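One chain, chain A, links the two complexes that follow: it is found with chain B in the first and with chain C in the second.
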Partner chain A sequence: MRNITTLKLCLSVASALILPFGAFGQGEQPPAAKPASHMESHIGNLTGHSEQGRELYFRYCWGCHGPHGDGNGENAPYLNILPRNFVAATFKCRSTPTGTLPTDEDLFNSVKRGFNFTNMPSWLALTDQERANLVAFIKTYSPRWVTEKAGTPITVPTEPKLTIESIKHGGELFQKLECWKCHGQEGRGDGPSASTLTDSNDQPIRPYNFTSDNRSKCGRTNQDLYKIFMTGLDGTPMPSFADVVKPEDAWDLVHYLRTLQYNNPSPELTLWESTPEGKAIVAAKQVKETSTGSGIKP
Partner chain B sequence: MDVRGNGVNRSRFRLGTTLFGSVALLVVLLFACDSASAIPAFARKYGMPCSSCHEAWPKLSPFGQQFKDNGYQLGNDRDAPIFQSPAYWPIALRITPNWHMERNQNTVVDGPAGSDTQVTATVTTRGFDYTGMDLLTAGTLAKNFSFLLVPSSDETGAFHFESANVRFDNLFGSTWANIKVGKFELDNLLSEKRIVTLSANGGFYQNYHFQPWLAPNQPSPTYVFGLGDNQLGIEWMGHSKNDRTRVSASLLQGTDGNPDFQAGSGGAAGRAYEGYIAASQAFEVGSLGLQRVGGFAYFGQAPTYPQYTQGGAPIFGTGIGNKPYYRAGFIGMWYFKKLDVTTMYFYGHDNVFLATGTPSNLGTDGLPEGAHAPSWNGALIETHYTWSPQLILINRYELIRMKQQTLDTNPGDLGNVDALTFGFRYYPFINTRAGFAFHNEYSIVWNRKVQISPTTGLPIDLTSSSLFFGIDFAF
Partner chain C sequence: MEIKRVVFVGAVMLAASTLALAGPDPRPAGGTISGKVSYEGTPAKMKPIDMSKEPSCAKMYTTPPIAESVVTGPGNVLADVVVYISAGAPDDAAPSTAAVFTQKGCRYIPHVLAFQVNQELKIVNEDQTSHNIHPLPKLNREWNKSQPPGTPPIIEKYDKAEFIPVKCNVHPWMHGNFAVMKNSHYAITGDNGTFTLPNLPPGKYTVTAWQESYGDQSQDVTISGGETKSITFTFKAKPY
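Moving on to the complex of A and B:
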């Protein structure tokens, strides 16, 4: 009986000593951040306000992105590319380094441009102010906008002169960096790894098919292409190559990738086709005069 | 049917009772419905709520207008049918069960002694009813090949084709080159097919359909035309990528949209071609919204007599002796955040042969004495307060003022029109699958001096009003 009493006493003393530390330890943890109820966006001279953006969101956006901004709108189950989850605040199209939040202008441009090959249309018909308001509102869904600042946009150096050598070097990089593993040797998005890829939500995701169009998800200019592989597409298997590719090499890669878009005329494709080698390669890839005569594009 | 020569007090009482009832019904519905949507086929195709394309359906938003101008395409390479489930069928239905009351004051009716004597009375009809049905099919056949087919029935189930057209979009890769062929609505900024009022008096734009009276009791005798009517022909339309600038020009068959070269009930159909042009420009004004101004003009011609007849009846499509008529106007759509105001000035002119129903081969000697080419001015102001995507308040006032009467003997204000409409539409839910609205509306129209009093022999006004409670749904 005495041993039991001693044990209780020891446990009590131990508890008295440990609990305060435990409490102190808990007290040291910062309270979980909550999304801000009000946010602003700043795009040029425009200032967007989340209160006005909310009304627009519940007119235009909630069907896919959901009333809670988590990408679970009533239409989401029927989409093969899921709507963006604004709560996670992970965005593909950024001018900022991988892992950082995009700038307001990045989001503004995304809303304005839309995402090709997805159900997200271009909202060009809205006014600039309305788009700015929408950007402000979607920032109220995630605490990240409270605890973090947007990343610093990367510097896009001036595009060097287009040459055959640049295109060929870009092709070598395409092999060396193993871009083909996902995008395929012809850029059709059918590389050996393509069928295994998933995004951060464990949803199957298909690599970009360069032959389908000259509009990538994040824009159609060479600068947009440059930014894609120097910032990566967060939330997807497409990493940032900023640490392994020098800017001049990145431009060569851009030039080469344009030649894969052989259904869409570009200076790069024109130059590439001016060489016998390039002309033969492009001709071998193109699908012409199908039996239906309907001009099918692969 | 109530026929009362002097029922003003009872009418007012009943009107008040009905209004009170509608307000009470609204209150109940507002509280009974839980939360916050047309061609719902598009909503289903793209998974977007009706409110994306419609400020309050069927009224288009700028985004919806751009979608329409782009050939029912969002432009994200997911528009062609091959991207849809094979089970997807681009079809939607719209109909509106309703209760409505129509009241016509100064209606000439048989007197108590029978048909030998006539008196004027206020004729009121009311009860449960339903509208015609639109069967809306629209979409893309392939990328940049779109279509619209709208078999439409009247209340008896008799069908006609309200729209039937194919559109070639973005020719040569340009948003400025779009060609539409078939039967279609004119490129009216203030679309009558997307009107947000539904009653017998308020469900159309007076200015779009007005034709001058030849004399009291004698409507325009020769031809039928409505700027709001769908027309047969070919249209070129172009727009900037953001749809801020829009232009169109159409070559149209002069049959007011009727098939087989028939000109409706107006008389001889002709071989005439007509033209319509429209242009508008939108601009942003800070946080107020997107403002738009534009103009339009219709250059029509109609035959004045048939080249051939059979048993006295004209052979369709052989009308000759064409004489011109035209309509023109300016429109402004002004947005002040949730409040928007549409203003329109309208001008109309008919050739004197058309206005008097005189075959042109008779020459001016065949015209009635003191006959002139009639002309008139019109105006419209329509306001909407879009409280939310779920509730829109509507008000419209139209007026038409004759500038030149057809006959010197006519009263100066013969045919003048004043029309007032107000109401609201409440959408108890909005989703990406179907549209539903409680529609409540009152409309009153004053037609000046258009009929002859059987008792005094003098021209008197005809006043018509509608009270309408409808359940407007589309699926």
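Moving on to the complex of A and C:
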């Protein structure tokens, strides 16, 4: 009697232990990789440590980016462009190809520079070491930093000489690559597809308006502009043109795009306006003063 | 003595057959799971697509095409349903042929493309307009590439099994799906709603049917030899 009871007990315990595992082993996805609890960042000679970054994050960052790093901070409901979700680890401003992780330097530069036209400020107030520590810390939010290496940064060739031909060729590319479908013919962000654009979370998003400023999302320089369309802004409708635009053509496009920023002086705009054709085009864009203001373009 | 010999021969035969079955099964024959996917209720009416913002595509249609989130066939069946073995079969190496996804007439052909983990995916633009290919995975990496007309195919692959919606940001009506599969046992229903999963060695399998609007359903099926087991899936149609 005792033997049978013991046997029954053993069998029931054994089956209780084995069956759940059996159900798991029936082919569900293996458990997802976990993020690392300790990460380092390497920017030049600087090494950042996530342990030191944690303290800074919970002082400066979590209000927007959230305690779980997923962009759901208490400020997030008030923000139009939502804070970056570090758990998803899809980043806009990179030097690496679309679909790959940014380098530590990309993240460091993003924290330092901030993101133009968003609520992400420039963190020049922190030291380089503090920013490096923060970069290391945000890498503890996503398992992608464990399972993948950062992409290989694209090569940005030296900017060639600025010429009228370069600007004109850039204009041809702007038409051929159909940038105007979203950005509009004058780059005002009013193209035929602009109003239907959604980001990867199905939230409405507007394309960049070149006429508003000479800063772009990822910086102020020509190199920043080059990288935007040669790596794409991941997580947004802005694709990468790296496979379809040659580097020298890319520079022509950068030169042309600067002439769309007619409110901001630049060598490109000055050169463009020195030609009769360029001068006429730029003049047509500018606000004309009328007594009633009816000539003002939106 | 006789009994011992019988036992011995029996043991040898058992050992031989075990050895034969131990490695990858070279026999092409096996059991089959086949069936049909139906719906009950009234599916949402699919609206015609307004392509007036892209005249180069709009002119390819005499009547505007309709949206493809739910594709039905005669007899209340569902097309474009991915039916696959979600458990019970080992992972398979990817075939060497590429899975091709075509943009034509500002739509994706096929609307649902099934292929395997690490299988080459080849994306082609046959239109006169630029498209951007923007798959939206949650497990795999998200990328977004522009593909103007006349440019070479985009070659990519995915390393995790997942159902991935695909869109073009320039043309907001364009929707497609990638079904990245772990093994080679999958099928997509056509207009008659039927599917066949052949070449299944004996075993206990979980068969899952996935439709992009209605979600997925699973059933367990046991194959003991070369038989054909027939199953049906019935989805509840959503009115919206």
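For this structure, a couple of remarks:
Rule of thumb we're sticking to: the second predicted complex is superposed on the first by the 256 of 298 C-alpha atoms of A that agree within 3 Å, B and C clash if a C-alpha of one lies under 4 Å from a C-alpha of the other, contacts with A are read in each partner's own complex, and residues count from 1 in each chain.
Convention: a contact is a pair of C-beta atoms (placed from the backbone, for glycine too) under 8 Å apart; a residue touches a chain by one contact, two chains touch by 3 or more.
If you're wondering where the values come from, they're calculated on a predicted model, not measured in any experiment.
Looking at the shared chain after the overlay, A:182 reaches chain C, while chain B stays out of its contact range.
In the superposition on chain A, no contact is made by A:93 with either chain B or chain C.
Of the two partner chains placed by superposition, only chain B is touched by A:129; chain C is not. Once chain A of one complex is fitted onto chain A of the other, the partner contacts of A:271 are absent, as it touches neither chain B nor chain C. Of the two partner chains, chain C is the only one that A:238 touches; chain B does not reach it. In the superposed pair of complexes, A:117 makes contact with chain B only, with no contact to chain C. Looking at the shared chain after the overlay, A:257 reaches neither chain B nor chain C. When the two structures are aligned on the shared chain, A:200 is found in touch with chain C, with no touch to chain B.
By the touch criterion stated above, A:225 is placed in contact with neither chain B nor chain C. On chain B, the positions that touch chain A within their shared complex are 36, 46-49, 51-52, 61-63, 65-66, 74-78, 142, 241-243, 284, 286-287, 289-290, 388-389, 431-432.
For chain A in complex with chain C, the residues that touch the partner chain are 26-29, 32, 90, 97-100, 148, 176-178, 181-182, 192-193, 196-198, 200, 232, 234-244. Taken in their complex, chain C has these residues touching chain A: 53, 86-89, 129-130, 132-134, 136, 139, 141-148, 151-152, 154, 161, 169-172, 182, 206.
Of all residues in chain A, those touching chain B in their complex are 52, 55, 58-60, 62-64, 73-75, 78-79, 114-130, 212-213, 294.
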